[in-house]
Amino acid sequence: MDAFILQVLNGLDKGGAYALIALGLTLVFGTLGVVNFAHGALFMLGAFCAVIVKKVLTLERVELDPTQLTAWGSPVEIRTHYIEEWFGDFGTLLIDFSVPASIFLAIPIMLILGIVMERGLIRHFYKRPHADQILVTFGLAIVIQEIVKAQFGANPIPQATPEMFSGSADIGVLMGFAQNTVVYPWWRIIYLIFAGVILSSVFAFLQFTTFGMVVRAGMADRETVGLLGIDIDRKFTIVFGLAAVVAGVAGVMYTPILAPDYHIGMDFLVLSFVVVVVGGMGSLGGAVAAGFLLGILQSFASMNEVKSLLPGIDQVIIYLIAVVVLLVRPRGLMGRKGVMED
Amino acid sequence: MNWLNINKNDRNLLIGFIVVVLLGPLIMEPIGGGYPDLLQKFAIFGIFAIGFNILFGLTGYLSFGHAAFLGIGSYTAVWSFKLLTMNVIPAIILATLLGGFFALIIGFIALRRSGIYFSILTLAFAQMSYNLAYSVLTPITNGETGLQLRLHDARVVDGLFGVERTAGLPNTELFGLAMSGWNGYYFCGFLAIVGFFISLRIFRSPFGLMLRAVKSNQHRLSYTGLNTRPYTLAAFVISGMYAGLAGGLLAVTDPLAGAERMQWTASGEVVLMTIFGGAGTLLGPVIGSAVIKYFENIFSSFNEGILLNAFSFLPEGLQQAFAWTVGLFVGEGWHLTLGLLFMFIVIFLPGGLMEGATRIKSLFQSSTKGSPPIQKDLPVEKS
Amino acid sequence: MPILTVKNVNKRFGGLQALDNVNLEIEAGTVHAIIGPNGAGKSTLLNCFIGKLIPDTGLVDFDGVSLLGKKPHEINQVGVSRVFQTPEIFGDLSLLENVMIPSFASRDGAFRVNAWSSVENETSIKEQAMALLEDVELADSAQVIACQLSRGDKRRLELAMCLVQQPKLLLLDEPTAGMARADTNNTIDLLKKIASKGITMMIIEHDMHVVFSLAEKISVLAQGTVIAEGLPEEIKGHPKVQEAYLGGAHL
């Protein structure tokens, strides 16, 4: 039982990332009718916002202290972070909290990027075949990926969890298990809460605002909404920006869990597409549910007991599920009729 | 050449193709590409793209998983070298057959859906193969190291015929002819000619017409009394066989197979080559793969030293700046150029280079002969 | 001898009885129209003929074989060709190719990897297709790409595609929907010409002008059931029909 709960928990944070990316993908599918292969790149760019913020915060001054010598006989280098020099303890705290702090940079940047992308490129592909949309966004993803690679190199850049969240919580005790049976890192708990908050705010936004109502109506029947004289184009731009922000902040917060490198976006994109398909194209709830479901199943599949029974299952479980779902329930778990059907 | 059942234009096209393959080394010499490794790649990826085009160009089904068949072909060929013989004939036959066999299985399932669902299904299958090749299938694929020849490999058939074991690793051969260097190129080139001819026949045949009808209006086609599923499956299997053959040839020219050959970026590459040259055209995919492989070769060979040298006529600051800017796009940055190029093509020239050529030609014609006659606006050659 | 027999066909969608014990016979060589107000079940009935829907109970027999559960291509292969409300053609192929494809389908069956022959050497298929294009007066544009045609011409092309298969039954689903008057009249003339060759046609139509210009027999469908059947003159004066059409203003 405790092992079971642990696997569920392990799956949840990955599932949270899938759900956040898949949510944006679905929003863009549903409203704009565009298949965006560059959506993973947005996740990756978000992650690199965290990298940049960390870099800027840790800019440092190097002084040589001739009075002290190292073992090699050279003067000792004294490194001072500017930010600590200026702000003292608050500076230290800021460096420690660089990942969550990056969100404040990521939101405006991703919003602008999203809007520029939609206005500059995606807009011109509304009427083109899906194959063209896939291809052009695929090209864009390569471009973004390569620019990041040129700037930051090919190696993963680990990001530290804030000190106070770096440990693990023995949440098994809370549920009445023995000590140290269900141990879960604090940061993953934070990520889970964060994903929950973002997901619910997006849903609340769509549910309770006029804007959200129009977007939902647009997802249900795009042509009619267009006929109502609502300036749907502008709304599309905002939806795209919103999807970009969601993917971006998901990327920021994921950096302490998985060190970002330039192809993290593509890795997540492929899986998120599978998630969207399993959940049912055009269904926001389906995307979220399938994200968590697949995350959890993936973590079960990587248990040693399961692996010894079915070797390699952890590597293919998600794809296998996608294949089965697509064949048995062609519209996905919660898909609606007529969305993206040829 | 009437026994080939082609008309005069196609005959000339085929002869032209053969001549270009034969004279490949001479043609590529002046532009710095006259060496066998590169030309082998032209031929091999040409085959891969020709096959992909039979699926994507004709039926419009966009597969994002064809690299899986390429990888399967490579593994099969290397195993044939290890277990049977260093002769390349069994290797490429088995690679082609196995590529087709896996395409049959995957296609049978994936083709139950169309559009983007099909793309994602094929992508899922390819990623599965890739992940498996890296993990549980390590006994077959040798995981990250890649499958290689060893001195003690069985090579049963070679043993039967009393082929002497060499001191070092043996070379792939065709009845005693080593399959490296120019021999290897002409072997691949010959198969590229055969592959091109088969594609030409399919394009001109009623079968090809049906495949184009699938792309145009599958709904109408089924109400016209044609069962569309076996047509698409046949196209999928044929393209899988081409991919298997191409993978086999990669192993022929360099007997080594790694899982990265199956990754979805590799699938993306063949899509790119096909689109770049012109999907649905006969020559497009061949041209696309040659151009991309050529520039990949040129661009990725640039490094900082070469660039600084090239801009050495500029003042030092400018020299650095220029070298840095250009450096973004060459060498390691070649993929950036490729991505940009790809976007450019999809946005402005969806029909690829072949469409570009047609447009330039029609510009030329209209300036001399008035307006051009009404023609197909798709870059599909007339039958 | 009826070529198509529909016997006791019922179809329910949830609470709605879409088809209520429908019986219908279509005689070979006639033009049979099915009319009825919106929502009468015309489309549902048609979908039962073409394999899209399977009725809850009942039989649909064509020329001795049941059509129920057959796939669209199988239904075509037994001799039923179909014209759609919006013309369905192969938009990026030439007119000639558009007509050759169904001709190949009749000759080679539902699937054949015929890769050795060349389309251009298939003289008999080509001649047949040209003859049909001639019949619908599109022969001059045989090399034009089909999507460039006008709506009326697309309809002509679609008819040629059906006729080249020499179908035993031609199903027409509102063949003049959305057409300008001139195009409608042209299409009626063309259909008359086709009918005069003895091809059995079943027309589902709204436009009474079209129906009374063509039909030799009419069945009236209302609320999922056949309320009247007979010659055009009989239908015109039929009280039930006038009632179904709210006083018969159209008639």
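Here are some notes:
The first chain written gets the first letter, and so on, giving A, B and C; residue counts start at 1 in each chain.
The rule we apply is simple: a residue touches a chain if its C-beta (ideal position, glycine included) is under 8 Å from a C-beta of that chain, and two chains touch if they have at least 3 such contacts.
Fair warning: this is a prediction, and the values are worked out from it, not measured in the lab.
The chains in contact with chain A as well as with chain B do not exist; no chain meets both. Nearest to the global CA centroid, when each chain is reduced to the mean of its CA atoms, is chain B.
Look at the CA centroids: the one farthest from the centroid of chain B belongs to C. A separation of 34 Å divides the Cα centre of chain A from that of chain B. With each centre defined as the average position of its C-alpha atoms, the distance from chain B to chain C rounds to 45 Å.
For this pair, chain A with chain C, the centres built from the Cα atoms lie 52 Å apart. For chain C, the set of residues that touch two or more other chains is empty. Taken together, the chain A residues at the contact with chain B in this complex read 35, 121, 124, 128, 130-132, 134-136, 138-143, 145-147, 149-150, 266, 270, 273-274, 277, 311-312, 314-316, 319-320, 322-323, 326-327, 330, 340-342. Of all residues in chain B, those touching chain A in their complex are 60, 62, 109, 112-117, 119-121, 123-125, 127-128, 131-132, 134-137, 218, 264-265, 268, 271, 275, 328, 332-333, 335-336, 338-340, 342-343, 346-347, 350.
By the touch rule above, chain B contacts chain C in their complex via residues 5-7, 201-202, 204-210, 212-213, 215-217, 219-228, 230-231, 234, 374-378, 380, 383. The touching residues of chain C, when paired with chain B in their complex, are 50, 71-73, 76-77, 81-82, 84, 88-94, 97, 100-102, 104-106, 108, 110-122, 143-145, 148, 161, 165.
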